[in-house]
Structure formats: structure tokens, C-alpha cells
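For clarity, chains are labelled A, B, C and D in written order, and residue numbers in each chain start from 1.
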Amino acid sequence: MDKIQLGEFIKSINPDLEIKEGKQYIEVSIPPSKLYILAKELREKEETQFDFLFCLSGVDYGQDLGVVYHLRSTKFDHVVVLKTRTTDRDHPQLDSVADIWKTADFHEREVFDLLGIKFTNHPDLRRLFLDSSWGFPLRKDYVDDINIVTK
Amino acid sequence: MLFDIVDVNSSPSLSDPWWKVFYDFSSLTHKIDSSLHNAMSQFWTTIAEMLIIGVLILLFYALIGLFLVYAERKVCAFMQNRLGPNRVGPFGIFQTIADLFKLLFKELIPIKNADSFLFNLAPFIVIIASFMAIAAIPFAKGLHAIDLNIGVLYVIAVSAMGVIGVLLAGWSSNNKYSLIGAMRSGAQIVSYELSVGLSIITIVILAGSMQLSEIVEAQRTGWFIFKGHIPAFIAFIVFLVSSTAETNRGPFDLAEAESELTAGYHTEYSGIKFAFFFLAEYINMFIVASIAATVFLGGWMPFNVGHWDGFNHVMDFVPPFVWYIGKTFFVIFIMMWFKWTFPRLRIDQLLTLEWKYLLPINLVNVLIMAFLVLMGWHF
Amino acid sequence: MEEKVKNITTDEQQEYVINMGPQHPSTHGVLRLVVSLKGEIVKSVQPHIGYIHRGIEKMCESITYPQIIHLTDRMDYLSAHINNEAVCLTVEKALEVEIPDRIKVIRTIMSELTRIQSHQLWWASFGMDLGGLTCFFYGLRDREKILDIFEETCGSRMIVSYNCPGGLMYDIHPNFQKRVKEFIKYFRKILPEYDQLLSGNVIFHERSKGIGKLTLEDAVSYGITGPSGRASGFSCDVRKHEPYSAYDKIKFKEILFTEGDTYHRYIARIDEMWESMNIIEQLIDNIPEGPYAVKMKPVIKLPEGEYYQRVETARGELGVFIISDGNKSPYRVKFRSPNFVNLSVLNHIAKGFKIADLVAIGGSLDLVIPDIDR
Amino acid sequence: MKKEEFGDNESLELLNESGSNILLTTIDDVINWGRKNSLWPLTFATSCCGIEMMAAGAPRHDFARFGMEVYRASPRQADVIVVAGTIVNKMAPVLKRLYDQMSEPKYVVAMGACAISGGPFFLNSYCVVKGVEHVIPVDVYVPGCPPRPEALLYGMLQLQRKIETETMKSRKKRNATHDSK
């Protein structure tokens, strides 16, 4: 399937999704509540078989916190990008996809460590790089007067 | 007293060439013994002899230890395309002396929560075990501290004592790596002791004696490795493998496997106590190599071939001590060679090798040898 | 009394937890593995990382694009050149700059040289992990030859910083072609020596065959890329699937095995060295003429959007994900580092093996710790 | 640097100031000769500099010539810790502990820009220790990012010279001054 067909197919799974054709990959924006179901479908559907989550990155969009999933199918070699955002900065929560793709385990821990997004149903959500006393450094409002020079 | 045991049956005859008389140390030791007897009472003579032997062996021990460490560093450098130590003294020969000085003056850290008595005792046990084994080894004709009639048994028994030190060291340091290392070492030495014993027994059958000097004497007509056909050769190989394992050297250095257990049973030791372990390892290597040389390669006997009289005379001219040292270092070199070539085994593979392969081979080998000796088919 | 005895015999009580690292010879850096043992058998491995977390992703948000490459150098220092290439490709793709063939070819040759030197070092340290200390010296001896070539052309040995957005820092040294050819000739003779020393050794076979098996399914699910993934049959070579630089013009084969044990992870890397030499030989004689760098604007600003670029480093797939808001420094940079993902599988494959196997498995995954922590 | 030039150094001045008797200086000489010629490094490397440290031990540069090839994995048996690479806040207590576990005499070589000052991570990084000096006392700094193996070798030779001029007194003083910081 090429980019356009893939977009159409994903539209057929769930018609309310916002699908954008990015410069490289097809990008699907999705509310956090529907993320897990769509992820599972994309993984299991015969036509898509996105079995390789090759990148999971947490992003601080200013007001929102979001996570970007890059999925690839090893069989068809097509790629899709899932994006999800949550507006709750104090207690951000998303569904964990660690039981669909095992690689998400570490990636989600990293996002939790650096951005403070909690993943529900994650098997072992602990801080990865930093101590528990540390803030969430990748957030844009992280303050460190001593070390970080603001422009 | 002690020297009385030495060489009673084979005193040099006048028909031998002058150098043979000269090379026979038994006359020298007898002379010292009798002059001491004349000077003082029986008791004091024994004490004096013990002191002399003790100091001599201590000196020899230190010298050999230092030299072996240096040799190993040079040999491994040679195998790894390097130069090795060459800055301290000519060719770096004083390198290990510098190491010794440093280790002597290094801080000894008392370990919290360690059993301090056993912790301090362990290195001494290790070093004493190797020290005792050296006593029975004949360096040249008539040059040994004590010539027991069960010399082989004594050496095996005493050299296996070192494992107690290793176990104590591992247990008392209150370190998990040390404990694993010690347990590995215990399992390893206990099992490989069997193979060492059995492969020597193969030769004991051939020689018909357990006295080390007699075993050497029996090789006057040919070294046992040549005399004993294939079984002797198999025994030699088995001995080489299992004695390497017994001394905890690579590829069997699981007890101090650096990539797994940092430094194994001596992780917590510093300064001179660590040096003791370090030294004992090399001395143990020297001991097993010299046993191999004595039992299989003819000890201090020169290399003689049948009726080539000219050749034999030349060989005889080389002092027996040189022969002995040469053979020992040859075996040591082989042991170093495979330390620096092979990757390390895993503990279960190590035990499998012993119990499933070496031990059955050895048992069959002993039988074959006994049969050969019975039929008189050896040379 | 009976209560106590019962308690002691439960598995919980027999667990023996040891701490490997952060300073431990077999973790190749400051990785800390908390290993629960039962006797010698590993029950579980918990990697604790972050002992060299330098916050490179955060740093990137306050520096310009050409400056980023100096940080990516220090992530996976053994494939520094390929890391830089990833950033440069992302920037070039975003700006839609056409890169002349000369740059592409030189980048490819340098990448493959980097790959070879990285594998040499891996071989050296893997041998050391298994206790064969001589391997260490053989590997490093040959690595120096590549470093010499780097030094002549890039001015530095390891951390080359040779790429920059829009091309290369400088042109290649006049001796470059000659010396690379000399090296290939030399290394073709030397590589069988590696096999003689380690791959052909019976102890090595015993130690590595069937150890730490990783099935294809798990490899994909865990996202294990690079030679470690390909040893399990996971076709994940970015050079094949999404060719960048000059990889679409040359012929090479993807090294694939199906067994997925330590031995095949080892063989995959050895074969990759042969393949890299083939690639270099195809390119070295016909480096096209042309400029060594495209003229870029003095201040590089990426148009707003998201850019993702994958490259194949010596350890697997490196992804660079840049979100730009149109400023001279990126809004968010994420590096999908191969080692970070490869580490996550350690617990899964090392379970049930001996502690010595854990070291072998860790060595065969070829972890570079600063790349995990970033 | 020539040996004579090296004489211009703090501990030597201290020695000249206080003066010392013949017996002690002779003993010091012997001990220092031993210490300087057998510097066993700890296998400790955090990042890129560690690879160059390995390269320094490799056939071309060959640490072994100076008797430094005995890399000890256990800090108890090591004499010198070469801090090769970045030290971050999480690692700093571990490094301090490693240093404390080493037995006297112990020396520290800070290798590379990161260990000296934080190097490329001096600005904008939230968790890098800006120089290993904040954690443990450093004897020799080897600049470079990463320093070439030759540079490390030179640094180690400087350390040897430093040890040569050491006395029992000056060692005590060195430890005391850092502890009070």
C-alpha cells in the first residue's frame, strides 16, 4: 500500500480520525482515549501489520504534552505516524502500548522520565535516567538557572 | 638428619666423568650435614638445617615468583604484538621488583563486616600450601629439601591445600563476587585434583615408585613420555590440562574471571595480601610445571638417545639444574601459551570436561598402562 | 523452627542479587545490571541506566543545527561518522538541498570504514568478555590503521565531525584512495586471522552456540536492529530498505541468519566486515569529481514541520526525529538510538542462562553506553 | 617537558622548604621508585575517552612498556584511576565511592575535556558534573576531546614524575587539602 491507500484504509477503520499527509509519512492524530484500540488494530489487521514500533518520542507542545509513535510494517514496509496529545500538564496520562510492542517498555519509561507522562498499564514504570527527585527536564518550562543558558 | 634420606643408593662412582661428580649435589649436602654434626648436637643440627633450607627456599620462591610474573608479561606481550615492560632496568627486568615495592607499601584496607581473622589468614594458607609443595621437588641430583618415599602423594596433597585458602578468602571478604569465585574455585580444584592424581598414577605404575628421586632415576634410559608409549603421552596431556585448571589459570581462570567477577575471590584484598595470592598463583604454576617435568620429562635427566654416545656426552655436560629449569619453563611456556590464546570456559562446561571426558579417559589410561607394564611392553 | 526451614527453602530466599556495574569490566562503560541469581543461573536482569545521561536532547534545543553534529559524535562514539550523517541528512532533506554525488560517495566510504572500525573494536572487547585477552590486542591493532586514514582526512581519530549540513568539512586527503585500498588489501588478509583466533575455537563455539536465543518475533517486537536483529532473521538493514547516500547505487547483500543466538550475532558482524569491504571496493576507484560541500546559508533554519531520518549505524537503526518551529535551533530532537532499544531485550534473552553467558550475551549485543543514555 | 623543568612544582617546593633527613629521603626514593614504575590503572571508562585509553594499551602505543598494563578491575588493587569521560550527577557518588575504595597511595588522572570541565556539555546540560575535581582530587589533567593515546601516555609520565618528587608529608597534605574543600 502506498501513502494514500494507507490513509484511506486507516480512515475506514475509524472515520473520525484526523489524517494528514506529511512530507514523509502519513500522520494520524488521535485522542488519547482511542489510541490503544487503534494501535492494537493496526498491529493485528491483516492489511497493515504494523509490527515494528521504531520510534516513540514524547513532545512538549507548549500547552499540550504529546507522544509520537512511528510504526513500520516489516512485511509491507509502510510507515505510519500516530500522534496523540493530552492537555493535562499536571497529571498527564496515556495508555501504554507496551503489551503490543515490547520495545515500548523502555521508550515509555524514557518519556515518563523526561516528560512526566504517566502510562497506565505499563508493567514497570520507573524513572530511567534520573533520580526520583529530579524534575522533568524535557519540558519547556523546566527551570535550571545554573546550568541552562536561556537565549 | 634430613639429608640422610637423600640418595643412599646411587652415589657417584669414580668411573663417571668429572662433571658428573661435580653435578651430584648429594656429596655437597652430605659434607654440610656431617660438618654441622661435628659442630653441634643432633637437635641443633636439625634446627640449623631447617633454617638453611627455609631461607634458601624462601629466596628461591621469591626469585621464581618475580621472574615468572615478568616472564608472563613478556610472553603475553610477545603474543599480542607488544613490547611488554622495558623501561625499568634493562629489558624491564626490574619491573616486578618495582611492583613488589609498591605492593609492600600499599595500604591494607580493613573490610567492614568481614571476618577479619579468616580474611587475614587466607593469603597465608594459600602461600604456605605452595611453599610446602616446593620442598619435595628434586631440582637436581641430591638437591631437594626432603626426599619422601611417597613424594608424589605428598605434593598432590599439599598443593591441594591452597583451595582452603581460596575458599576462606572468598567467604570471609563479605563480597558476593568473591563468594561466587571461591565456590567456583572449590568445585574446580576438587574435581581436577582427581585427574591430576590419576595421570600421575599412570606414571607411578610405570616407574614402580612414588619417590620423586626414584622416578627421575628411572628415567635415566629415557623419559617416561617416550618410554610409556601412547598412554604416557595421553597422561601428559591430561596432566597439563587439569593442572592448569588446578592452578586457576586461563582458560580455566573462572575463580577470578575478570570479565564476570571483577577479580573473583581476591576482589577485596589489597597491598601485600593481594600480592600473596598473585605470587601463589605463579608458584603453583611453577610447581605443577616442575612436577610435569619431573614425572614426564625426566626431571633433571639430560636428553639421551640410545647409542649416540657423542650426542649423549654433550647432553650430559649440560648441568642437571639447567635441564630441570629448562623443562619446567618449557611447560610453563605452554601453559602461558594457552592462557593467552583460548577464551574462558563456563563453569558447567568445565565440570563436564572433567567428569565426562578427562576422568573416564584417565581411568582407561591407567588400565592400559597397568597392562603394558604387566606385559613388559614398555621400553 | 520448622517455619524457618521452610522459609529458607523458598525461591525468594535463595535469590542472590549482585550488582554488575556501574564500574565493571564487562559492561563496557557505566551500565549497571542488577542480576538476581540462583546459584550461577540468572533469574532476571534489571538494567539501570542513566549513569552517563548528559541530556543531549535538551541541549540540542538551544543550539544550532551545525552544532548538533558535535553532540551526536559523542553519543555513539564508535560510529560517530554515521551519527553525524543522520543529522546532516535530516537537515538536507528538510531544506531540500541536492547533494552532489561526490559527497554521497565519500560519506558512504567513510561510513563503511567507521562500521569496520566499530566492529573491530567490538570483536576485541567481545573476545575479552569471553576471556580471550589476545583478541583485544588484535582488534585494536587493526583499528589503528583505519584511524590513521581518518586522521589524515578528518584531522581526528575517533570523533571526526567530518560531516556538516550540506556536505563535508573538507575535501579528502590526496592519499585517501591509496591508503584505503592499502587497508582493504591488508585487512582481507588479516580478517581470516580473527576467525582462526576466535571463531574457529571449540571453546568459543561451546560458549556461544545456542546461548541467548532471540526469535524473529521477539526481535521485531523488541525492535532489535542492526547485526543483532539480522542474526534473528529480522531484515532491518536501512541501507537496503530506505537507501540513503550512495547505497542505492551499489550492490551488497544483507547479512541474514535465522538462529539468533550469540554465535550468529557474532558471525553476522564478521560477515558485515567482509561486506563493508566489498562496498568500499566498489566505490573507492570512482569517486566523482565535484565540490565537497554545497553552499549553505550562514544560519540554517529548517521550515516548520517534522522530519525523520533513519540510518544504519554499526549497531542498528539510528533515527533522528526533528520537530522544527522555523527557528535556527530545533524545537525538539529525538534520537532513536539503537543501543537503547537493544538493551531492553537483555532481560528477555539472558534469563535462565549462566552468569558467564550474561556477559557473552551483553557482549554480543554490542552495547555502547553513552548511546543508551544520550 | 624535561625533568629539570618539572622540578618547578609544588610538592618539591614543600620538600625544599621543610628539609628532610637522609634516611627518610632514601626510603622515600625507594618507595617512590616502586610506586612510579608500577601504576596499575583501574578499568574504569565512561565514554569516548575510554576507547582512547584502550588504544593506549593496544599494540601501537603499549602502556605495558611503563609497567601500566596490569588493568585491575577491583579498585582495591588499583593505583591510579583514569577518569575517562563525562561524569554526570548520578555517577558522581559512585565515582567518589570507587575512589574511597581504592587503597593508598591512589592517584587520579582526569582524561579529556569532560572530566576536566564538562567539555562540550559545559553549557545547557542539566546533569553533567563540571569537572571531576568537584568530586575527587585530581593529580594530572590530560586535555583533549578525546585526548590522543600519546597525550594520555604523556600524562601518565607526568604522573610518574609527580610521584618521584613526593614525600610522605606531601601526600598527607594533598589528601587533607582536598578533604577540607
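Throughout what follows, contacts are C-beta pairs under 8 Å (C-beta built on N, C-alpha and C of every residue); 3 or more make two chains touch, one makes a residue touch a chain.
Because the structure is a prediction, the values reported are computed rather than measured.
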Chains touching both subunit B and subunit C: D
Distance-maximising chain from subunit D - centres being C-alpha averages: A
Whole-Å gap between the CA centroids of subunit A and subunit C: 25
Geometric centre distance via CA averages, subunit D-subunit C, whole Å: 31
Rounded Å distance, subunit A centre to subunit D centre (Cα mean): 46
Whole-Å gap separating subunit B and subunit D, where each centre is the average of the chain's CA atoms: 38
For subunit C, residues contacting two or more additional chains: 24-25, 50, 53, 55, 58, 62, 136-137, 141
Set of subunit A residues in contact with two or more other chains: 129-130, 137, 142, 148-149
Overlap residues in subunit D, where contacts from two or more other chains coincide: 59, 73, 90, 123-128
Pairs of chains in contact (touch as defined earlier), listed by label: A-C, A-D, B-C, B-D, C-D
Footprint of subunit B on subunit D - complex, ascending: 30-31, 33-38, 59, 62, 64-67, 69-70, 72-74, 76-77, 79, 101, 103-105
For the subunit A and subunit C complex, residues of the former touching the latter: 22-25, 27, 51-55, 57, 59-60, 68, 70, 74, 77, 81, 101-103, 105-107, 110, 114, 127-130, 137-138, 142, 148-151
Subunit C to subunit D touching residues, read off their complex: 22-25, 29-30, 50-56, 58-59, 62-63, 70-71, 74, 77-78, 121, 124, 136-137, 140-141, 143-144, 147, 157-159, 369-370
Complex contacts: residues of subunit A adjacent to subunit D: 129-131, 134, 137, 142, 144, 147-149
List of subunit C residues in touch with subunit A within their complex: 49-50, 53, 55, 57-58, 62, 218, 220-223, 225, 234-236, 241, 305-308, 310, 317, 319, 321, 323, 332, 334, 336, 340-341, 343-344, 348, 373
